[in-house]
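What follows is a structure written as structure tokens; I'll ask about it next.
Chain nomenclature is as follows: A, B and C, assigned in order of appearance, with residue numbering initiated at 1 for each chain independently.
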Amino acid sequence: MTSETIFVSSTFREPEPPPVSDRGPVRWVRAHLLGTVPQVLLTLFGLWLLYVVVPPLVQFFLVDAVWSGTNRTACLPADVGHPVGACWPFIWAKINQLIYGFYPAGERWRVNVVYALGALLLLPLVLQQVPYKRLNAIAFFGVYPVVAFVLLTGGNFQLRHFLLGYLGFDALFPRVAPGVSVSWVFWTDYVLSSVLLAALAGGIARVVAGPDAVRGAVRTVATIMVPLALVLLAVDVNFGLEPVETRLWGGLLVTLVIAVSGITVSLPFGILLALGRRSSVPLVKICSILFIEFWRGVPVITVLFFATYMLPLFLPDGMTIDGLLRALVGVALFASAYMAEVVRGGLQAIPKGQYEGAMAVGLRYGPMMRLVVLPQALKLVIPGIVNNFIGLFKDTTLVLIVSIFDLLGAMRAAFTDPNWATPTTLFTGFGFAGLIYFVFCFGMSRYSMALEKRLDRAQRH
Amino acid sequence: MKRILLAAAGLLSLVGVAHASTLDEVKARGALNCGVSQGLPGFSSPNDKNEWTGFDVDFCRAVAAAIFNDPTKVKFTPLSAKDRFTALTSGAIDLLSRNTTWTMSRDTTLGFNFAGVTYYDGQGFLVRKSLGLKGSKELEGASICVQTGTSNELNVGDYFRANNMKYREVIAFATLDETVKAYESGRCDVFTSDKSQLAAVRLKLTNPADHVLLPETISKEPLGPLVRHGDDQWFDLVKWTYFALLDAEELGVTSKNVGEMVNSANPEVKRLLGTDGKYGEGIGLTADWVVRIVKATGNYGEIYDRNVGPSTPLGIERGLNNLWNHGGIQYGMPVR
Amino acid sequence: MSDARLSDPALGRRRWSWTDPKLRSSVIQIVLGLVLVWLVWSFYANAQGNLSRLGIASGFGFLEDRAGFAISQTLIPYNENMSYGRAFLVGLLNTLLVAFLGVILATILGFLVGVARLSKNVVIKALASAYVEVTRNLPPLFQILFWYLAVLAALPTPRQSWGVGLQPLFGALGSGLSAIGLGFLGAPLSAFAADLGAPAVFINNRGLMMPKPIFGEGSGLILAALVLALVVSFLIARWARKRREATGAQFPVFWSSLGLIIVLPLIAAALVGFPVHMDVPHLRGFNFQGGLSVIPEFVALLLALSTYTAGFIAEIVRSGILAVSKGQSEAAHSLGLRTGPTLRLVIIPQAMRVIVPPLTSQYLNLTKNSSLGVAVGYPDLFAIFAGTTLNQTGQAIEIIAMTMAVYLAISIVTSLIMGWYNKRVALVER
């Protein structure tokens, strides 16, 4: 730059006076509200906006609101005799539909148990002071979904066959087992399949890695098959609960089911995908990148459409998947892809020295990741995971487009009831549904921010 | 990645596959899965006790009665116009009984078989009374609401073109509820659909008296139940359930007198009710299948009168849907 | 990775070992490859079997077939006799239109709110924070439905349309003045309003009706003048920048360009005798005819998408500005720069580096979210193609694949452009 640049003052300016302290009410007002003419105008504009927005809202939702009634006449200004605001009896009339959908009235206690159990397990998990975090996390992410699943659907799935039966060895197993509530065929098949798998894994390990590896291989098979057996058992046993089909579910129930199962499925899959994306094995890396970028690049509703309308075409003839489950598959697909990117951020933040240190003490890939890298990385990205969950919670509304009635869908269905057709029904419904969404999302975002601050402090020491 | 795929493969194996005929599947399941519309008074709508009722619903019940001798063994799946075909294609339902128009492309390239025309209908227009319209020729410049994925959506353009008229816009919505809501809020001047549906929708509006149906019928809308391609026995069963309902009406067999009619000497009645010959076995059922149907739901006329006939809120005259020997075009094929 | 062998007791003996990274890598790849091949093959075989069993047609031949359905908003000529391929184009353009306008509105609103959140004025700051919290914590679909069902549907019917223009304004003013006893002022105003003629812009529950300019003979010259003005403005901007960098002298680029862009086409129009006339919308029968109309589905979608995304952009802008250290603005001030140039020349260029990457993903989110228009009947790509066309033809695989491909392509192109921009503004470090 040349010396004539006009940005530079040609004369030395007088030093400015020291900054005025903004302590004290008058000075505070001058600094924050009425310092200069534009400041005053801005303040007036802000106050005018507040005046335009807030009093009418209070007027509508509280002052002029109707609080009781049995049908639309309670909320029609002509019948009431004064201007009518929110029509709350509409919400009271539809509240069961909004919370449970068409879940049979006699069975709603099961939904309540699921809600209560979820809250009971989640509360200690998010509060920092409560001990037994690990146990709590296992209970929430491992046990709770199974319990909730059995309670909500009624369980008692008559499992037909496992691997061997699928391959066509059905005839080998005993058909009838009177007096036992589990499906005998399935469990014979399961035990035999597990033993065969363990033997197969042991054999391969022996050939590839020598006799020392057999134990490890068998143990790996066992760690997969035993918990799977417990889950399947819970699903298979007849607890005497009335089965409730998923198309009777609706409202907040569906919203929460989709959000919670989305997060529990996407967490492990997202971690695997993130590890895959950073893997040194080329094919694994390419597959992970393609998977992640594909599902992140298309709108969520096309994913749901894909799961709802295209998936059935890709499955063998005669095989059907429940409508809600199909939507859940779609949610799991995109939620995993988004989660993978969050986890990858955490993995990248771990210094290389951690990896090198782990390798130096002789850890292999699995233990290195499990014991050294992931615990640090996941801790770093907890706020990111919570933010991801907020996004997922908001995206649950999209199942409305594939004809599943979540909270917003149930509300929209309620709008069509001619018994409650009044000029203010729509605003009341949107106000109520908006409040629920806001409370959930705002609460979570505050939690995530608090967490971020705490982790930040912990990082700095 | 590998583990994901393995888990996916494992899951697939869990869901289970069965290659049985539709009838065997239905019998094994113990219930018929029937697709109906999401709430159309007179055709399929849940009543106060949350039971499904209506014309389309009763047809499902007739099929269930033929198979199980129990009209309650039906699981109803409410479907939007948009989702109905995928649901049938994917096997989520065995039978779609949801005021669906029989068209050539649906019958062929979409992969379905129509079992018959249970209701002869035509497309019409619903408008506000305050517009003072006399007929659909006065609809020049109108904004029109229509449900997407229906044959109505295709007819409306052709009708305006054929009559040298121009509409202002056609707004297509994904579900019936959305379409009706848009019409009611004044987004459009006209709501077009099958006349039976318009009559039902009108009842759901806040003030039915403010709205009128225009007299013209602009298209042929033969509505009927349909099944997937690929299972002829199931197709026959559904088709003959429909014929049996018509034959029963023609021969005077009703839900009240079916007990006595079993002893009738009329050879046609004997063949229909299975006291002569075993025609029911041709569709995988027993000889007395029609007795079960008529006991459960009544004959075609009874179903019609109960749900949409002149004595119901819809109040639709039989018209084309009368039997062939009463001035209509409903014609049941003979059982022999 | 020789450490793996160090832990191996059988050190030195060459044998197949699972701890050998090369071997492990190839085994994993072979297994994964096999699983992938099996998966793709079984999907393919199942789809083939299902399609042939159901007799569903396949291939892209359907794109040539007559569509037969009407579309409520078309940017290019379209009628029922045109093909599904044409309908696809119409839908794509509708998606691009709402995405493009949405991005512009969201950026303007987002920057305003983001700066407002940093304001010293507590009232403005609180309002901006409230805006951000409310819009970010409500699902976008909820907001779209709210605008469409609750707000826009409550507008008056065509016969009671709100006219927008000077006439209703003066008319209202006149009658207002007369009402409070100032008849001597109100009466002439009302009379003046009556002289102005009916308003040309209307708002009702069918949307926004505006006059449509119809260009007659000689309009090409106006267009040419506009293009010329744009080119000259661009050249001026380049010249001014070069000169500023060389000498530091400023030139009013903005005002001169604006003048050019307005004056040149006006002169051209005057030369050819103003060949433009307006097609004014008018009430005929029960509905408006003529003019240009903006359908409420579009308005609801645009409003919801831009206000929703603006909440996120505001946060990005705020953190971007906060990321520029305070020393930078202090240094700029001490060099004698005023607040405006400090922001424009020092703060914003640096903040942009932090802002651009997350901003890109917000733009992409907005584009993807525009597919939610299907919920209110906005005829975008998704509604027309994955909705109506899918229903009429039943060819789910081809249609969903095409729809996904379009969105993927938009994503990739946007990422490429933003990547290029990002490289341009990136810090050049020594």
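Here is the rule we go by: a residue touches a chain if its C-beta (ideal position, glycine included) is under 8 Å from a C-beta of that chain, and two chains touch if they have at least 3 such contacts.
Just so it is clear, the structure is predicted and the values come from calculations on it, not from any experiment.
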Most distant chain from subunit C by Cα centroid: B
Chain pair showing more contacts of the two, B-C and A-C: A-C
Separation of subunit A from subunit B, taking each centre as the mean of its C-alpha atoms, in whole Å: 39
Distance from the mean Cα position of subunit C to that of subunit B, given in whole angstrom: 43
Between subunit C and subunit A, distance of the C-alpha-averaged centres to the nearest whole Å: 28
Touching two or more other chains - residues of subunit C: 28, 32, 36, 50, 53, 149, 153, 374-375, 396
Subunit B residues counted as touching two or more neighbouring chains: 1-2, 82, 86, 89, 174, 181
Subunit A residues counted as touching two or more neighbouring chains: 284, 287, 309, 312-313, 315-317, 401, 412, 415
In the complex, subunit A residues that touch subunit B: 102, 159-163, 166, 245, 247, 269, 272-273, 276, 284, 287-288, 291, 308-309, 312-313, 315-321, 323, 401-403, 412-413, 415-416, 418, 421
In the complex with subunit B, residue positions of subunit C that touch it: 28, 31-32, 35-36, 39, 50, 53-57, 68-72, 79-80, 149, 153, 157, 205-206, 284-289, 295-297, 374-375, 377, 379, 383, 387-388, 391-394, 396
Subunit A-facing residues of subunit C, complex: 1, 3-4, 6-7, 10, 16-19, 21, 25, 27-29, 32-33, 36, 43, 46-47, 49-51, 53, 119-124, 126-127, 133-134, 136-142, 145-146, 149-150, 153-154, 245-250, 335-337, 341, 368-369, 371-372, 374-375, 382, 386, 390, 396-397, 400, 403-404, 407-408, 411-412
In the complex, subunit B residues that touch subunit C: 1-2, 5-6, 8-9, 81-82, 85-86, 89, 105, 108-111, 131, 140-143, 148-149, 153-154, 156-158, 161, 167-174, 178, 181-182, 185-187, 189, 228-230
For the subunit A and subunit C complex, residues of the former touching the latter: 1-2, 4-9, 13, 31-33, 35, 39, 42-43, 45-47, 49-50, 205, 208-210, 213, 280-284, 287, 294, 296-302, 305-306, 309-310, 312-317, 359-360, 362, 364, 390, 393-398, 400-401, 408, 412, 415, 423, 426-427, 430, 433-434, 437-438, 441-442, 445
